[in-house]
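Naming follows writing order (A, B, C, D, E and F), and every chain is counted from residue 1.
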Amino acid sequence: MNKRLMSKMTWMEVRDAVEKGVGVILPIGATEQHGPHMPLCTDALLSERMALDVAKETDLLVAPTVCYGFRSRPCTGGGQTFPGTISVRGSTLTAIITDVVHEFIRTGFRKIVLFNWHFENSNFIYDAAYNVYEDTKRDYPDLKLLIIETPFSDLKPETMEYVFEGQFPGWGIEHASIFETSVMMYVAPELVDFSKAIDDQAEYYPFYDMLPIPKRITAESGILWKATLATKEKGEVVWKEISKTLIDSVNMEFKRWEKEN
Amino acid sequence: MNKRLMSKMTWMEVRDAVEKGVGVILPIGATEQHGPHMPLCTDALLSERMALDVAKETDLLVAPTVCYGFRSRPCTGGGQTFPGTISVRGSTLTAIITDVVHEFIRTGFRKIVLFNWHFENSNFIYDAAYNVYEDTKRDYPDLKLLIIETPFSDLKPETMEYVFEGQFPGWGIEHASIFETSVMMYVAPELVDFSKAIDDQAEYYPFYDMLPIPKRITAESGILWKATLATKEKGEVVWKEISKTLIDSVNMEFKRWEKEN
Amino acid sequence: MNKRLMSKMTWMEVRDAVEKGVGVILPIGATEQHGPHMPLCTDALLSERMALDVAKETDLLVAPTVCYGFRSRPCTGGGQTFPGTISVRGSTLTAIITDVVHEFIRTGFRKIVLFNWHFENSNFIYDAAYNVYEDTKRDYPDLKLLIIETPFSDLKPETMEYVFEGQFPGWGIEHASIFETSVMMYVAPELVDFSKAIDDQAEYYPFYDMLPIPKRITAESGILWKATLATKEKGEVVWKEISKTLIDSVNMEFKRWEKEN
Amino acid sequence: MNKRLMSKMTWMEVRDAVEKGVGVILPIGATEQHGPHMPLCTDALLSERMALDVAKETDLLVAPTVCYGFRSRPCTGGGQTFPGTISVRGSTLTAIITDVVHEFIRTGFRKIVLFNWHFENSNFIYDAAYNVYEDTKRDYPDLKLLIIETPFSDLKPETMEYVFEGQFPGWGIEHASIFETSVMMYVAPELVDFSKAIDDQAEYYPFYDMLPIPKRITAESGILWKATLATKEKGEVVWKEISKTLIDSVNMEFKRWEKEN
Amino acid sequence: MNKRLMSKMTWMEVRDAVEKGVGVILPIGATEQHGPHMPLCTDALLSERMALDVAKETDLLVAPTVCYGFRSRPCTGGGQTFPGTISVRGSTLTAIITDVVHEFIRTGFRKIVLFNWHFENSNFIYDAAYNVYEDTKRDYPDLKLLIIETPFSDLKPETMEYVFEGQFPGWGIEHASIFETSVMMYVAPELVDFSKAIDDQAEYYPFYDMLPIPKRITAESGILWKATLATKEKGEVVWKEISKTLIDSVNMEFKRWEKEN
Amino acid sequence: MNKRLMSKMTWMEVRDAVEKGVGVILPIGATEQHGPHMPLCTDALLSERMALDVAKETDLLVAPTVCYGFRSRPCTGGGQTFPGTISVRGSTLTAIITDVVHEFIRTGFRKIVLFNWHFENSNFIYDAAYNVYEDTKRDYPDLKLLIIETPFSDLKPETMEYVFEGQFPGWGIEHASIFETSVMMYVAPELVDFSKAIDDQAEYYPFYDMLPIPKRITAESGILWKATLATKEKGEVVWKEISKTLIDSVNMEFKRWEKEN
């Protein structure tokens, strides 16, 4: 099968795929500031591209991306003070995913992957998945839901060293910075204006949140750490490592689940 | 200004646009079957493309498209029996739009256009707009909301005659048929497989709905009427007529509103 | 059976009817301005009266009328600026109908008709019906829901000519005007003060909505078009044509459904 | 002013009343079994009639009645096992009243009375009133809400003795029995079939509830106590006593509130 | 079995209890002013203590107490004007109880008691119980829910005379007064500062509510009636009478239900 | 001031504290399995105790603990398969906190700390805080919300070494294991049965979730890692380090915020 993006398929193509046991992956992102050098769609785009790379190797279709995510925070995304960051309430995000997953089931999918690339969406996705699961488990005992709220576990030590050059600030703060800029330079270079990439940071990043958001915990540019260390080559390395991990995980899990039934 | 798609802009570009008084248009579509010859994204794509054409001439940015719409119906979209049609509850659609419009306001937009290309979304959009308006009217007396639930009023008689060749079935039934296929052939020909376009129809199309949906009111192919009469040329004519009407309307209304304040 | 209005029946009478396979129709209306000459209950009253006429010929009981509807709009009802128009949010309307239909099912009804006479209620009713249907389809496979959001399809050409005398403005704008005034003069003349009927209109009626509502799209009197052309005789003609269409449709559909099972 | 029922008034008549400082009363009832001798609308009808009697003497309009109430219970209304009892969830009832009261405020009313005649609606009405009050208190400091969830306090001892003849079972159990049947015989005798009135009761009425509802706490006929002791004369006595108390209370409270401002 | 408080049990202990057919009781209270002499937790504490006393004799576990209740009212709890009273919306209370009861069922409990000690929580608890019951009755036909919204029916006449000394004001007004103070002196004397107990009352207590709350219906101290008549001995008498009634009722009802199955 | 627990204070004591500018901290926990050796209340208890320790040094009152949290997960809490784990939907948790914080504001608190000790509650708390903040920022410009969803940032390296002895599995997996058992042995030794502490783990802990939950990612005992390495001494060390960090943070932040105003 060549086509993967459901949005570009006809209903008959989807029907035929479903009848062959193909599953579906739902990319979930955000519309959120990513510094002066990257677009608002960064999370949505990366989520969709990675979902597509994974789908090709795991026999899944890619559903239309959920492009509005939960509220950004100062220490992981800049926070809800930047113009252009367009977020939704948690209950709204949960409602969208709940409804869409119900429709996946009605369409006939039994292998469903929820794939997220926006830290702040965590738990709302699981909430939706759990509710659908509870509602449908009697009628669809063969339904399997794989919920990937954080797109990867830690990278290999040598990759970490290569990418961050000893300056890893923690994944939360890695927003619009070395890692994410590198990945975007690899995946969508036409959307990155590297000439505007800078190194920035807030006065400090606490382990808690505050409202109203004080300036002292906000990185003024929206880059929470160092963007100048990013390179396309780094992007390629981490992208391939992450996609490999995801592909292996998805394939392994559905295979094991199948055996258990 | 060259950039129009918020998704591809940085937060600083959005901020600068807002400061110049630029407004925003939100395309709203659906993921819905459109026959054996057109993709599930038809409504979302047309909504976004038209929004973009309008935005260029009316000083608006285009926000990321709401690509999951309210439930399809037999006599206007084939109904909720087709695999691939992925819909949300009305309250979910209302919640998304409510939240997004609140964020437009926080970002600083004061001219907001909600633009829909999926018949069944009607009223949920107005519900959202009205609720935001009621909640914010005291704090933002200069806020203006233009809600376009149906993308155009009747076309010129000569256009109707040219496009439908005397076989206009009513706008509801015009789903994946002459008009919509023509427009897609003009706007996104790479997504139309005209070799699969057929003429189809249900036994009859009542003015009411039924659940469970009986086969007798369902067009089996998902084409509710005649798709074979579609041509790219027809698509171009109606697209240009509609976009002109919309551009004139948006410009005229914001101008008159401004004078009234 | 003589009694049709559930409100005036005892529970035992309802029980006996249910045991004989009788169905139920739920009238849905609004509390909305209808000009200086007609009462706020116009939509609720017409909905209930028509439901009653239909019920008598289709073996249905008439449930208590839902008399608060979704928000009025400038180009179909005058809009939410008139005092006396008392509307509810869409989610509230959906909730009422959802709950009531669940209770119809508990009571034992298996043929359920939702009948609406307020344009703006559309889609919320279908949302409710669809949700109940999805929730109950496994437990009540014999349940049939007929959802009539617009009370009729186009009238016969000769009726249109007789009623509108060549001045038909479109059904949306036909609010508190020729058609509706005529019908009220026939059905509830004691509630019409024809001496106050006038011809009115807004500066123009766009195909979109605006908030805040500008005066230029509001008919000051609440009559959106010509009320002076109304007569009781016209009312009788259209009432009878509509009720006949509805009776025929309801009877035909339930009969066909029954055969299919 | 002669007209009191908003449903039968035009928007201009409502506007004129509002401008004179007239208030509004919202009758809230239920659709609930009331034995073999009384109709399902008993609570809705009594609520509306009493509201009307009160309105005439307190300068209020009567809004359309909320005729679907919260779930019936075995020991106060027979419980949700009777066919014909059509109830809504608590959150639905709260939503209706919340929206309607917001619209009263938009219409211009500043004196609002919520009047209930269905025991089980209690607290949902207060919930709605409190939420509206919290939302609007800054913008409408002159708004006054009077919430009457139980339509009267204890009757005079001599009235109690006259009506119940020493057999008062408590107000909860007084459902479709002496008091309510008497009142209906006075207010709407055409809807009472006294020949079917009987004396009935459950094996016992606990101070708690049970689900599923056991037969032992259900009065089989829906009459929870003695209906045969009812007379029209008793109905007249209590109706007049209650309406007098309500009129005096409403007038007194709004007068004192006014002085305090 | 010695342990009763689920909060202090391990999951294995709960599992073992469930396997033996043990049920569960959920105490529901409030955080609400109780005069100058008693703590905000009075309702939560009394609910939990009584639940514990009942649980020991009826083979139930005691779940963690719901300590935030619905809004207080002037004539039954002082009303939402006192600092320290921390209440939730009705829909929130319903949501908590709904979710918790669903989890009781998942855990394996089939005998569930909802036990309330805060007048204003009534109906929200039943709403939750009814919704869970409707959702689960097919899958768990052996589920039994006992809903105790008011913790007791009338006390014995001699107890009433002993406790109130002829000055019983009605149960609503009995807030932070003779009865409740006595009970707290018996159950948690360390939390009562009897030196601050006074006799108080509002100018009057109407049978209706008002918003904004006028001072004339508020007891300034939060004691709605006479607290000085309270004694520990009275507390002991009523506590034992109530707990006995509850124990007898719970045991009797589950036994009879069991026989019916 | 000696008293800190609002539940044990009178309304007058709370009022007096508020008038002196005292703030409030809301402990948020869960009812969740914590292995065969620790009680279900572990998260709720630790949250409350830490909140109390912090409150004493930061001039805050401690509100009643939210003891039902969001759903447990296999790799951070064992998952929703253990009996005794009693969780709520995310929207319910958000609703509780939203309502309670609104009431804190009504009571007069302007310094509000939300303190969580249950990993899975994250984001729902922020959702609530953000919504309240948006709703109230105009009316209460001096309101400050500190949201602590994870109770501490990384411990000192030497503490980590001392506690985990080189066997730190990541904070997610640290459930009912070395750290949490140590802390409970220090804070509430009477609730720990160390004789039942074991070392356990699932076959593996993926970075994603699965529904239905496969046995291979579940630690059968509910202890996700090694509990036998726990000691009371370790508990004391980390408790004191964490409380110190929290106290310093809370004091510092409110002080800096104050200067900024």
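General observations
The definition used in the following text is that a contact is a pair of C-beta atoms (placed from the backbone, for glycine too) under 8 Å apart; a residue touches a chain by one contact, two chains touch by 3 or more.
Computed from a prediction, not measured in an experiment: that's the story for all the values here.
Touching chain B and chain F together: A. Counting steps between touching chains, the shortest path from chain C to chain F takes 3. Two chain pairs, B-C and A-B, are compared here, and A-B has more C-beta pairs in contact (counted per touch definition above). Chain B and chain D have Cα centroids lying 46 Å from one another.
The distance from the centre of chain B to the centre of chain E, each centre being the mean of the chain's C-alpha atoms, comes to 54 Å. Chain F has its Cα centroid 27 Å from the Cα centroid of chain E. Annotation for chain D: residues 80, 89, 91 touch two or more other chains. Taken as a contact graph, with one node per protein chain and an edge wherever two chains touch, the assembly forms a single closed ring in which every chain touches exactly two others.
For chain F in complex with chain E, the touching residues are 6-15, 18, 31, 33-41, 44-45, 63-65, 67-68, 80, 82-89, 91-92, 95-96, 98-100, 103-104, 106-108, 191, 193, 196, 222.
Listed in rising order, the residues of chain F touching chain A in the complex are 70-71, 73, 80, 89-91, 94, 120-124, 126-127, 129-131, 133, 137, 144-150, 152-153, 206-212, 214, 216, 249, 253, 256-257, 260.
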